[in-house]
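The two complexes that follow have chain A in common; it is paired with chain B in the first and with chain C in the second.
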Partner chain A sequence: MKSLAPLILLLAAATNTLARDVYQSPSDFISEVFANNPPKASLMWLNRAMKQELTEILGHRPNALRVRYWKKKLKTVWILDEIGKEHPITTGIIVDQGKIQAIKVLIYRESRGYEVRHPFFTEQFNGARLQEDAQLDRSIDGISGATLSVRALKKMARMALYLDKHSNP
Partner chain B sequence: MKLDKALLASITLASSTLFAAPAMAADDKDAIWSAIKSLEEKVEMTADAMDSDSAGKHGHGTSSGKTTIGGYGEMHYNNLDSKKEVDFHRSVLFLGHEFSNKTRFFMEWDLEHAGTMELEQSFLEFDISDKTSVKTGVVLIPVGIINETHEPPTFYGVERNPVENKIIPTTWREGGVGISGELAEGWSYDAYLTSGLETSSGDGYAVRDGRQHVIKAVAEDLAYTGRIKWVGMPGVEIAATYQRQGDMTQGADATAGAASLIETHAVITRGATTLKALYAAWDLDGSGPESNGSNEQNGWYIEPSYKVTPKFGIFARYNEWDNTAGSATDSKYKQTDVGANYWPEENVVVKLDIMDQGGKGTDSGFNLGVGFQF
Partner chain C sequence: MSKRHNKPHVSWRSKFLWHRYLGLSSALFLIILSITGLMLNHTEDLDLDSQYIKSKSLLDWYGISVEKQLTSFKTNNHWITQTNNRLFFDEQQIQPLDTTLVGAVSFNDMIVVALQNQILLLTPQGEIIEHIGHADGAPAGMQAIAIFNSDQLLIRAAHGNYITDAQFLDWRDSHVEPGAWIGATSLPQTLHNKLLETARHSILSQERIILDIHSGRFFGSWGIYLVDAAAIMFLFLTGLGIWVWASRKK
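For the complex of A and B:
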């Protein structure tokens, strides 16, 4: 029993904190981005060509028939889901004039790789644009042990930039 | 008058017909708008249902409700001085189930060398706070670079590096309980209490031979493991692990005693370039291990790599290790590896490397491999 004491103490110290996963609700994120005056949500239906191009970006067919977004002037905001290893990571992405203004992990459901939510990682996306080959115009350094979550965030960033182009025909 | 009355009647009839027509058109218009609106709602509901059905069906592993399956595998061709063989080294199937968003189960079966089934992991994990989880069952020891993340597309070299084979006995799993959590942004810790190794004088107290695979593992002396990890900068991981075990022979050998392991490593990625470095050292007490020099067992490696394209990367690695470093004679193994990985898909890899041993090692040749994860 004596040998278990350090672990029991650690457990006791750890149990007095909060519930996991939701860092900010999507609606709160939208309100914050538009200073509590968000525009009405728009729906973008994905046509056949868009689905093909998004399949290239995501590595699988997009999960949705259409994507909801919020637009004011040249700024668009996207709430996207993409699975890291097993569970969807819900991410808010602000695109302004064709480049990422900010990216924020809103809900994280995986049991590992949660470090992708930290600003030291997400700030690498700020200012990123989409190249002709649908790749980001910069390299994003990953996080060891969070490879699949990093990959999911890169895909969502590319998807938001791609969809933003289609919101400004 | 009769004419006037007839004319009035005609005008009244005509006007009523005339005015009735627009009234009918307005009704039709409303009906059409109503039908369009209803159709639009139905399309939205159908799209919602289809989106909801297709959500969560991609990723590493295939999810069906709350149960996930996945796996990885690798086949090797070794053309070495010591052997020439084809080996389906590992074929691993994993199964996860989420009881709730705070409680999950994870299991990994590993068919080794197309013949021996091993239980690599099988644990319940509980999130007990927003930053802390506890797992219990057969767990991977939090040490080194490869032990916890070893899917073939994630590392260079057909075979895992020798230091994380001979000094850190990867894949190293034990039965027990562990707590993991985040201390601050980029900082995390793990503290495990598990079954330990059981070395013996017969196998020279070599740590790899001490693995019990949690098969009725003798648990006279448990092992304590702690790790601190920092990933606070993109592309950088620095970690250190310490393990202490009361008796490395589980009380079977009076000439052996306690053992401790210190391991530290760094992984630094900048753009296409990655540098990995790892050092691990065991210190075994007792006159038994001291008699053959296994009281000190240590090793290190350094591995620079460069991704020429996102699908093709090259690497070099220099390794040194010694399982009898406490002996007076030079018993150090040295190995240099150079090679390349090609990823035709992000989760599929083809590997080639050339290895050359020195020191006490005499093996050389080349290895080919294919691997995957899903």
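For the complex of A and C:
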């Protein structure tokens, strides 16, 4: 067994270490969305009711008490992290007038399920709105072998739409 | 006719006996592989991937140890510590880490934790307020943190020193040098031991153990050959079973 220890440690390390695929840096994404002239970031503190509603959307408590976003006219941009299986997936979400304009996986750290970054999947979210019950107004087709990443992206889409609603009181 | 008589004859009863004894000897493998296979099929439902092994003998069997040297900063009577790839607020695990802890300091009723590529704002109770990354203006390659003039937060990064405002929205170059950058300190021995134990208990998942039992790796390289042999035996048994059934039918 000792001879296997390095292999096991490597596997254990692989599951705990965040090996990342950066498809676009969050700052580049924000610059691109606002044509190289991004507005100053705004901060949104989550109050108790928001934390409770976000807990229902995410299936766990939000991982921070305040969220940073970028807003110009009715367009908001959110950089959100959500764990797929073990590691956070960093996603950029553009919400325009209460509906998703685009969603893009920026940094992927999981070992499986990276197919969620492809446009054939992310384009399904374009135009999606949040219903009264905090669900998306359309169904999103999954990808075999990427169930948890698909789930994470759906949660982030709902979260961005929810937060966008609160950025326009 | 004579050709038929020369053919070695194996009676269906003899085949049946072979099938029976081979079946009995492979039953244990079949049970183990079926149970572990079922468990692996429902890893998420059973939370096998998020439950970690704490058994000392199992961790020793896998040869798992953690670095004894921990990086720790004391602020407001709390300890911010990095063990291998996890960040702790006292004994409480805050988040996994893919970077290095470079400092922690109290600032504006918050605890500011500087990591190499991210700033983490905590409440005095250790709850995460916000992660501030490069996209949010945090300088790249952070190396140290300090309080300047008692009301300004100063960060030393790869390209120089930076100061920020109370909301961490604006970051500016700065040429000031603080009296001293916040330095790491030694943890009290009891907390040190506790964190080492917690770190060791968050490496080996139950999923890994089940997977290794299923593949035979749990017992080293011979375990893999044993599971291979069992798989070949299952194939042989299937063939033999069909043969017995066909012989009896005749």
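Going forward, the second predicted complex is superposed on the first by the 149 of 169 C-alpha atoms of A that agree within 3 Å, B and C clash if a C-alpha of one lies under 4 Å from a C-alpha of the other, contacts with A are read in each partner's own complex, and residues count from 1 in each chain.
The working rule: contacts are C-beta pairs under 8 Å (C-beta built on N, C-alpha and C of every residue); 3 or more make two chains touch, one makes a residue touch a chain.
What you are looking at is a predicted structure, and each value in this text was computed from that prediction instead of being measured.
**Q** Look at A:64 in the shared chain and tell me whether it touches chain B only, chain C only, both, or neither; answer first, second, both or neither.
**A** A:64 sits against chain B and chain C alike.
**Q** Give one of first, second, both or neither to describe whether A:84 is in contact with chain B, with chain C, with both, or with none.
**A** first
**Q** According to the stated criteria, A:165 is in contact with first (chain B), second (chain C), both, or neither; which is it?
**A** It touches nothing on chain B or chain C.
**Q** Would you sort A:145 into first (chain B), second (chain C), both or neither based on which partner it touches?
**A** A:145: touches chain B, not chain C.
**Q** Who does A:21 touch here: chain B (first), chain C (second), both, or neither?
**A** Touch status of A:21: first partner only.
**Q** Go through the superposed model and pick first if A:118 touches only chain B, second if only chain C, both, or neither.
**A** After superposition on chain A, A:118 lies in contact with chain B alone.
**Q** If we overlay the two complexes on their shared chain A, which of chain B and chain C does A:30 touch? Say first, second, both or neither.
**A** In the superposition, A:30 contacts chain C only.
**Q** Which chain, chain B or chain C, is in touch with more residues of chain A?
**A** On the superposition, B touches more of the residues of chain A.
**Q** Across the two complexes, what residues of chain A are contacted by chain B and by chain C?
**A** Shared contact residues on chain A: 3-4, 6, 11, 15-18, 20, 63-66, 81, 85-87, 109, 148.
**Q** Would you mind writing out the residues of chain C in touch with chain A in their complex?
**A** 44, 49, 61-64, 84-85, 95-96, 98, 123, 127-137, 167, 169, 202-205, 208, 212, 217, 219-221
**Q** Going by the contact rule set out above, which residues of chain A touch chain B in the complex?
**A** 3-4, 6-7, 10-11, 14-21, 58-60, 63-66, 81-88, 109, 111, 114-115, 118, 120-121, 124, 139-148, 151-152
**Q** Looking at the complex, which residues from chain A come into contact with chain C?
**A** 1-6, 8-9, 11-12, 15-18, 20, 25-27, 29-30, 40-41, 43, 63-68, 79, 81, 85-87, 109, 148
**Q** Across the complex, what residues on chain B touch chain A?
**A** By the definition above, chain B touches chain A via 47, 50-51, 54-61, 63, 68, 70, 96, 101-102, 104, 125, 127-134, 145, 148-149, 154, 177, 179, 181-182, 185-186, 188, 191, 193, 222, 224, 229, 231-237, 267, 269-272, 346.
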